[in-house]
């Protein structure tokens, strides 16, 4: 089926070339970083994780979001997702590829990455993260490929694959749970030290992931003549709205705990994110606009998606989903990780601004993700068309 | 023989590729055999025979590294009355104080690029910043 | 042998213990002899046919005799082994392809399940690699250092009667369709190997009648059917009358006419047997409509060339008639009808064997002025190229609704697809002459197309089950589009296909017809001054006859 | 049990080299004489085989056309799969040789009840073959550091990419290509055992090179990582540089594992020209791939074309059927002799 | 002798090596509780030390090196701390970057409110608010950084209780930096060598891309020396170093006598660095 990626309209090649350009820029930036060290980034002793890890965290959610299609389709036999479940699985593959690339980009000694396997450390959450991420990647490739192959052959998928399909469901939950555990098990980082992190991650994942799938479906409808069906779209929107509301609810809970308990450590990061944090007479508020944009976009998106217009109008639907995706990206892909480092364990404040080189790598990885998803969707849609046509 | 025009040049290319080392060494000034310098201090003994060290020094260093860093086993070896604290900088470079003339001569010859020197200081490097203070 | 019932064969193909269905043979292939039973071999050539061919100049068919594969004694000449080995040596020196294909195979197995014979029979020796190994084992034993030194350990094997029998069995269970060659990482073409084995077998008087009789007919009368000139003319005349009856347009055609611009050569099956007849009617209608200055020839009345399935020399001899006749009649170029192996010969062999055809001109369509640069040396173009060019320039008009009762799919015939690269011209024509048509699954079309299962002279009735098995992959792909899109017509550009696919469809997919592309062209063609015959439909209204060219016969 | 034979054969080679290298003086045989002999047999044999192939002409133009050929202007030619120009053929051959493009097409067929035959793409063989061959190539090139003095910069960079850039494991550093080669060989061998079709067609001479290459890889890795007794890279390089500058010397004791490795490589070199491994040369010369599909536009010449083969002549034909032809109104060259009754 | 040693002996030939194992002594200042043999020997035979009540620790096992910092001494003589810091920098080839972003710090100074974020500095004496406190890795008994490390590049030495780094194995993921509640870890954002002012030729530098931190001068301990900072404050009593599990050690004597506090005790990491304020 890979051969389907080798044939396409000019627009397909132009798009791939466009992405390839950014990938090349990203690669060039990475070579610079590899040679010089991570000092090429805006990260510092006090904010020791930056854009890479925050993108990773967000994208794990996007990957996990695919399960919102797999679960209804395979467990509840919700047939309307039949045509798009593969899109969820393939999106997960691309998202995890990006996750792994971001992790590699973030490592100080990438050529030693294999040490994680050679010296397994069962007490480290990163060890489990490596297992579940690679496991989920493998499961999605396996399930997606076997089921798509069966579809292409127009025979029933082999029975054994359902074991892996069902296995992928707990894996989807676990990738985001374990990623949350990277943060919420660390003593001394109050913002992260909260049991609600994992549920909150899952809620935002189950909103942002499906939102991206809806966007993808709308794009595919225009450029590839692939119609996922209104019914499936509307069902997805329902899932998105509930998950998004839950996420906002969880964010609200964090505010309650921080502000009602009035414990400074619990308040600091929230203060820093939403209002600016004062320290030695200086107010640090780099992220404030982003976070308010998150709040406004999130509620705006939920309201938009809840209107009847979203059920009929592709533009409104798309707008709502894009807004929601951006909102949750701001929340998890920017705010969550960076705020954890403010203030630092010595209650000093360092702000983080990514460098151009860092942005170049980040964009390069995103472009790679889009490249992978484009190519995978090309295969999936190609097979769907083939099955319909001949 | 048919298609001589492509087959003979093709075969010649192949032969050139296979015999690349022969004419490479003909057309370049073949480097000399490495002569790793004996310790300038005149030390005659090492912790093991030269044959052993030539073949196994990298593995011995790796072993030492784990001994010292991980196992906390920093026993000082005493051989023929000479004490050798485990460590590249601490033991080896004490006698073989000129890395350029000792380590590098073979490493360059065999195109080996050990990453030891990313961290470990050669006496020359160490000396370079001693005088400034 | 009676042909198995559909249900039986369906079950047998999928469940019968074979390598294709998952049963691992316990015996090594070198130790598994070929066993001949009525039904699994084509009848040997009649002695007089072989003798006739042997008597012709330039070709050798020695050792003519009466023999039968199912008898133990094949009455081989005394020195048959040395004849074969000498023949093999000669061919190794003449064909680089043979040497390369003998030496380079790494037995990766990529070809194994690509062969329609293997898929249908599950016989391990129908894996192209193993079919070639039958020859390769002898080659290794007698022509390579490793084989001479290590014998069986190096995969070598002595030339024995048993090996010879295997050669006969499996070189006649290969249709030289080249599908394996597409997938081989070294491009090893089993067709080349099969040709060599068949040539070697002919050296010791082993051949099948279904090939040698048409070949000798073709040599003598100009066509496989053995139609004598007047019969051939009569048949074409009948077809012309039928066309006139349908369209109301008088067809003007000629035979052996000197000074015509174009010589038209098509497989004789087109003027003789259903459903090829309708294709021939399509040619007549088309040429009439555009007013082409062309002639038929009774001397070169055969496009097909069973020499391809026999030996190089015979192929050359039979093919030579085309240029000879073109030269005699003084035509400017030749148009060839729809045929598969004819086009392999024309495309890949004719110019080399019998060229250069410098007495003709580079083909130039008198209607559109298009110069066919791709045939500038051979001076022979394919009817599909010619028709597609006419359509592109808007020189002919169609009413596709006249093909409304046809829901077509298109079968790429092996030779045009894999030995010529003719794939899109017929599709382009189809796009214009039928209201809609569908492709079969992508692994069964274009360069991956499946053979009809009875090519290379195997469309003989005594091996019907074998043919149905070998044709299964093709039939199965057709069934897929029948089930899914209600396809009822399998179109193609090959005369052997038109004959063999009809049997194949009747067996596996009853109700699905077979036609040539030119038949659909003729059906849909709007002719000047036409007056289509009308009929009454089931509801009593008068309309054009729905079956087009087929109505009249 | 074809693989058992091949296994024993390789084992025998190992034992011969092992025992031989321990006999004083025989080091010169295993370290110098046999390698020289092997490389000469390899080169000579390779050239001999290619020349033997080249001695046979390619009488006909028989490319396998895997796509639309060049015909009318508005029909898009598939230039890679049905090339007409030399440059297009070169592109096709390049992808064939360097990307194993035909193998990339591989499919797997299955028979289902119905009957229904299905096809799915199957690229494991393609992947493993790429892994195997490229690892092998990199390993061969990488070994040049032991023959070239001084070692050129690009070669050092290759060593860095292969050894340090990907995985910094162990000392000496583990090469990615070593893993690739081992993985490739194990897959190819496993496939021969597991895949029904391939298992049935496999011969002893299919298993032998796999075992041999496996043994070469394993002895190489043992020598590099584990059995380092008397494995001094400088002494070894001195010998190897000596070999290629035609002044071979063995100045110190070298571990047996080295001689085993070298002997196995020599065995591979000797075996190469006389086996299926010649597919390396053959792939360039396969007429179904390296010919343009322009046989109607440009006449292909067959050197042994026999001009004496003529068609059954028209004259003969007309002589046989003249009467019928005249009756049917078909023009003839020679009119019928006047009928006797008309005379 | 451990296995690797035996292997080494076997390979190299026993005759070459003689009289091994003599002088590696860890001599902790003032005590010689476990100063025999080639390695630090667990303080066997001692009665279980009295639990350090206030911090409610388990009955100790093995050696747990720790430190008591007497801030009163540093308050009186601030240059003492500067000397300790510079001794540390010199001993470990620690680069000095001009910008805060790249900082590598093993032992450094910070105000009380930064060091003891759980303590209130409200209305504290000037001596508290204006004195720079010594900050370093706490070599926790239950270190979160070790839990976080995915490759065991940072680990707790079973023989000394030191939380150590294996720079050769560190992949530079910086999980430990996020996990350390004391901000004790630094990362080499670039090649440090240009920023090392003076080389200690007996200690390596680090490569770019690895994390580093205070190692309690394990390399000096092996030679029987005190940690560099301890040595530089010798005789002042500002820093006392020793085995917290050894009831007879000097550190224990001070801990018994003085009121000490630890950083962020509520996190349960059990720091091994105590402060007398």
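The chains carry the letters A, B, C, D and E, assigned in the order they are written, with residues numbered from 1 in each.
Just so it is clear, contacts are C-beta pairs under 8 Å (C-beta built on N, C-alpha and C of every residue); 3 or more make two chains touch, one makes a residue touch a chain.
Bear in mind that the values here come from a model prediction, so they are computed numbers and not experimental data.
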Neighbour overlap between chain B and chain D returns none
Joint neighbours of chain E and chain A, given as chain labels: none
Hey, how far apart are chain A and chain B in touch steps, shortest way? 2
Which chain has its C-alpha centroid at the greatest distance from the C-alpha centroid of chain E? C
Most remote chain, CA-based centroid, reference being chain B: C
Pair of chains joined by more contacts [C-beta pairs], C-D or A-D: C-D
Chain whose Cα mean lies nearest the overall Cα mean: D
Just curious, how far off is chain E from chain B if you go by their C-alpha centres, in Å? 34
Averaging only over C-alpha atoms, locate the centres of chain B and chain C and give their separation in whole Å. 69
Chain centres from averaged Cα atoms put chain D and chain E apart, in whole Å, by 62
What is the distance in Å between the mean C-alpha positions of chain A and chain C? 57
The positions of chain C in contact with two or more other chains are 96, 441
What are the residue numbers in chain E that touch two or more other chains? 207
Residues touching two or more other chains, restricted to chain D: which are they? 54-58, 105, 112, 116, 119, 164, 168, 285
Interchain pairs in contact, sorted by label: A-C, A-D, A-E, B-D, B-E, C-D
Hey, which residues of chain C end up touching chain A in the complex? 438-442, 480-481, 484-485
Residues of chain E defined as touching chain B within the complex: 2, 4-5, 8, 11-13, 16-24, 38-40, 93, 155, 157-160, 162, 164-168, 193, 196-207, 218-219, 222-223
Residues of chain E touching chain A in their complex? 100-105, 110, 113-115, 117, 135, 144, 146-153, 169-175, 177-183, 186-191, 207-211, 264, 267-269
Complex interface listing, chain B residues touching chain D: 1-4, 7, 10-11, 14-15, 18-22, 24-26, 28, 30-31, 33-34, 51, 54-56, 58-59, 61-62, 106, 108-115
If we count contacts the way the header does, which residues on chain D are in touch with chain C in the complex? 5, 49, 52-62, 64-72, 74-76, 78, 81-82, 96, 100, 102-103, 105-109, 111-117, 119, 125, 129, 195-206, 274-276, 278-279, 282-283, 285-289, 293-302, 304-306, 308-314, 317-318, 320-321, 324-325, 327-332
